[in-house]
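When the chains are written out, they are named A, B, C, D and E in that same order, and each has its own residue count from 1.
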């Protein structure tokens, strides 16, 4: 198990550009919270021992067990065993770096994906792997660390019995959590959108080499985002089409909604990609333009002065017999000749539309 | 609900180039108009209260309820509840920024897409989300604002009983509205076509940097259009294949026609894309050409004058003993030498086909 | 109806490059010819009134009604009504600018595609929309104008009873017409092939800017051809797979042949596309090459003369005390120094492989 | 028929680059050889008349009729008629330029593809269309000319009864021929591989314009090869999946092997394509590099000498009153000043990492 | 058989860039080891004769026969015959250069793929073809040479009875071997990841031509890796979907895990490809940038000095009558004029943002 953890970390060590930061996950122990509810009642508590979760397995109420931190193997395994989770599933839960996927088992559905949230302290975007186990009347969610998540609105809705969540089953709870996670992708989309607009403006004004780096970083971000969003779509689509008895007919429309959102996220990323490659083209051709301009100035100055410098050179020669030297208006004649050359050149350039 | 509205607006805040303008939607209240007809009779009226729509639900005649403006949640919800619309559908209706899609329910079909129309005042192209609810004997259409739509030809056909619309059911009415919306895409295609032709001509004459910006804007427009047309095709194709009992067999051929039109729109956009990328190539290579020309002029002038200026420089030296200075024809000999160099160079350039 | 004609014309107003010319269709009335045959007998006549076609509908012989010109709506509608054509089909027939497609109805199959033929007068390639209606024992073909078509070989085969055409049914006639139309695509392929070869040769010899325009035009032609050939393939493939009772089992192999031909046309166009994009690369890199050569000449001339001109400049200074001036061999020493510099430079360039 | 032969020749007149030569097919008559065998006996003979083949049709032994040359229509038609071949199949056999395909009929399977072989005389690669007719107990192969083929190993195996070929039926013979043909593609792959390696080496050493032409020719070759290999894959895949009773279950694994080989050929061609496009990039960027180097030399020489030439120019002025002229160390001071400028410049370039 | 070995070697002679080395396979004989186990007992031995393997075929325990080296045809054929392997399968086993694939037979499944391992001596990555035969209670693995493999962790797990391997059947053993092989791909991914990061850093600092070569080599590596990973995915996917009775239901989840890993490998390679092409863009545009900078320096120096050198030239002329010569401040006036020109130029450049 340890080997694989290391493996995936090394590869995803190729972190992306400026917007997404993997962030150091502080291993701050494990924290288990249980929310148990039905339409009539509601109970929320933090437990210390895995065994405290066990009675909720067979209670008719809906139970949401949220586990922050994946380091305490002992607790993990106890929970896994009690809730009949396959050892491979447990493997996938603790190995971050999974591709988003969902797997149907007889008694539960396993969903794993990435969520994004704002770090409380420095407002940076953090990403974390989330695993969901949907049983007949419980949902277990596993998060990498305790530093934050995107589930607070769901918790609030359960506590306040707002909306229909308290009236629905565990599958609706799973939907609500999924929806909260997909919503977290909009956070990044927004950031990227702002960045793209910023760069576009910058490009219009003054394309300097730093911009190239920024474009490159953005492109890298889209590459990484794509990599994690496309499988998300498969998950959403698959859940919607799933015929598992764990998902009730009435929840289908909500899953369709989640699916629509992932499609929209994908659409937006593809649009970003197109726009970024467009920006690169603009950047490169504006470089060419600049070069052209530089060359033109050089050419104009050089082609004007080279001939007249030559004329000056001729009359700088020291031959004994050079008739022009003795002419009364020789000097001014030479200056006039130079002026004529200049004017001819300027006319030529004008006709060429260079000036 | 409010959160999501904001969300989609932020992202689609990345508006496209020059042709498509999102335009500020003025929140100017809600306006509900009802058109009720069958082959024999016709009735059109504007109502103030949601309740006035209710009796039409069960009338055997075909009823078209058109709602402009999505701001009055109360009316919306009343209508939604009375016509048995799922809360998620109502959600989608009021959240503009939806991807075009259609969803079949037991009693109705929900279709959402974008339409384009000319703004009455300044003749600019506006885009707006339109939602259609097709029931067994009614169609409800939701528009973002009262500022304009593309349904007038349909209204006229109903009023004057022209064509077969008055003889057909609600599904034909839905087709007629869809067709009017798809037709609105041709409006933009035309504008883009004109713009492309314009730029092509410009490119042939004088590729200046501003052209690049225009090409870039056009490309952006195609990116955005593609994004909204491809799902449109899925909608049209899906409706055509749908086996809902709400769509009669005889309407199938009309839906096939709508489908053909969306395919044609897609074909045209793809052609535009190819043409625009072709224009970029031309633009860039004509930049190279220009550069080449500038370089050639510089090179020709420089390579002709550099050697003869050197000769002049040699005879400008002040050595005591330089035999040429005392020659009778020294000066003219030097001039002759220079002329020879010039002629040699010109011959060389001619052979190289530079001049 | 009038609106849509205008619509499609506007958009396809974006005509392609040099090979395909839309050509002004002269509205020269309508011309209806009937060819009626079976194995034993044959009859060919031109009729003036739509009613004259009607008796052929129920004759057991195979009847081919060819209608040139789409302007006489009255005749069109009469024919349409008598042969039970759906109004939407009639719509599609008169609206040129259709995407190639085929539609199966209970009593007939509707096929629409583009054909290409050589204009009789100036040998230019013309394109025209052709619609075919295949009934149980008749084929009706609609052409845009009377100016020419590709059906003469088919007519000849019917007249002379050559091949198997007189022994077969209406579906074989439809195949024969389709085959003649697909053959017409080879005409353009050939022209393009010649053009590509021409340009390739030109490119090898002297890539001048006009070539770029030609490449661009060719590319545009391929874009437009692709757009009309790909749906053609769907038509041929669909007909082959069709299970309509109007197409006999024995005709399947012929339709497969038509399908093979469209595949070959597509293959050729894709090959053209690849070759054209290859030519663009060659063109651009030969531009770079030319630029390089120009730069090298400039650099060689400049770097040789700049140092020796400097030497001449030094000895052109007017300082009172410059010992070299009084040396006996000062002048020749200076010339020798210059020669040395030149030789050093030439050696350097040689080593750099620039000369 | 004649028309179509011409047609396909014209288009494929666009021959590819340096490796593939269409070669002039000498019309050298027709040659029919028959190999008839079963496990116990073997017979090989050349026949003059088509009728001599006829008795083999119903013999229980496996018969391989090989026909070189497609010009003698009379013989072809006789054979075609006797072996119940559909006229369209005969058409395809004599019309070279077919896309590889296979068609199942009730009594036989028709396969057409391209083979490549080394010309005996000058060792050039030749390509030729081969058609195979697989009947219940016979295989008929049609080749374009007598100049050579790739079937000799198969003949040898039959003659010497090596391997399992003599024990198997006609379907295994067809497989053996197919396998020999697919093997012939490796011949070209090898040549291309060598050529690519050669160019890669050349590129590393000295990218000169001739290389571009070679790259371009290679690319053209891959375009043409792809065009003939992709349909080959469809043929091999189709045969493998075919449920014709002519192909026994036990032959399936051999056809799967042929299929694997075509996949490998396709993989190799796609790899070649990627490598060739990579070479183009290298070529172009090494052009840019060279340009950069040339520019740098020019810039260094020019920027060093331009300022000091100016200094020399200043002291070449003829003003009456120029105090420096009369200074004792004026001349050497000027030279020193020039030296200082040179050193400054060199330091600057060094810091810029240009030298 | 010999012919085909040569064939595939020649083509794959096009080895890839810097990371993957085909390495000379030393033909060091054949080595056969047998591991036989069930939950209770375990036996490991090396055998010399093929016949020693035979008894294990029908033993109820799980047997893993590992054969290193493919040169001893006699042993290979004996094994093949005893274990009922089809001759074509034996062919594929000894012909290295196979595309990864799996084939189901009635009594066994044949899997062939590439594995990568670190060479013991010089720590270079080696690649080798591995073939697996999965029977009802045995697995036979064939490796190219004895120099190393990736199966040691599996051996260890069997020996120590760690995990569930000793409790499961032959299909689980095959999974364990497959998993070990797929894990070996991560080895290369890691190396490539490191290389890419290295180049990215290098690029930021100083893009020199050697970098181009490295990028090109990396790209080539990805091309080759892709070629061997994509079919791997088909294998993993196919096994997972396979309905062979040799694979028990409970093993499915493990095969799904292998499939997930190959998907992850593919994702990573595609990301690498995108990143490498991004690096090329950066490389090329930074070349352009450098060129621009060089040009700017030249232009600035030249355009400043050309005009003032001209002024010096004018006052170097030797006309008898040049009034400025006699002016008291002529010389200093000229110097002042030059200074003015310099300042004007500098201002101009500043405004142009060139300096």
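In this section, a contact is a pair of C-beta atoms (placed from the backbone, for glycine too) under 8 Å apart; a residue touches a chain by one contact, two chains touch by 3 or more.
Quick caveat, the model's predicted, so the values are computed rather than measured.
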item	value
Type of subunit A:subunit B copy interface by residue overlap (half), same or different	different
Cα-centroid distance, subunit C relative to subunit E, in whole angstrom	42
Chain centre separation in whole Å, for subunit D relative to subunit C (CA means)	26
Junction residues of subunit C - those touching two or more other chains	288, 291, 295, 298, 302, 306, 309, 313, 316-318, 322
Chain contact graph, described as a line, ring, star, complete graph or other shape	ring
Direction subunit E, origin subunit D - full chain order round the ring	D, E, A, B, C
Residue ranges of subunit A in contact with subunit B within the complex	183, 186, 189-190, 193, 196-197, 204, 253-254, 256-257, 260, 263-264, 267-268, 270-271, 274-275, 278, 281-282, 285-286, 288-289, 291-292, 295-296, 298-299, 302-303, 306-307, 309-310, 313-314, 316-323, 353-354
Contact footprint of subunit B on subunit C as seen in their complex	7-8, 10-11, 13-14, 86, 88, 91-92, 98-99, 101, 103, 206, 209, 212-213, 216, 219-220, 223-224, 227, 280, 283-284, 287-288, 290-291, 294-295, 297-298, 301-302, 305-306, 308-309, 312-313, 315-318, 322, 324-326, 328, 330-331, 334-335, 338
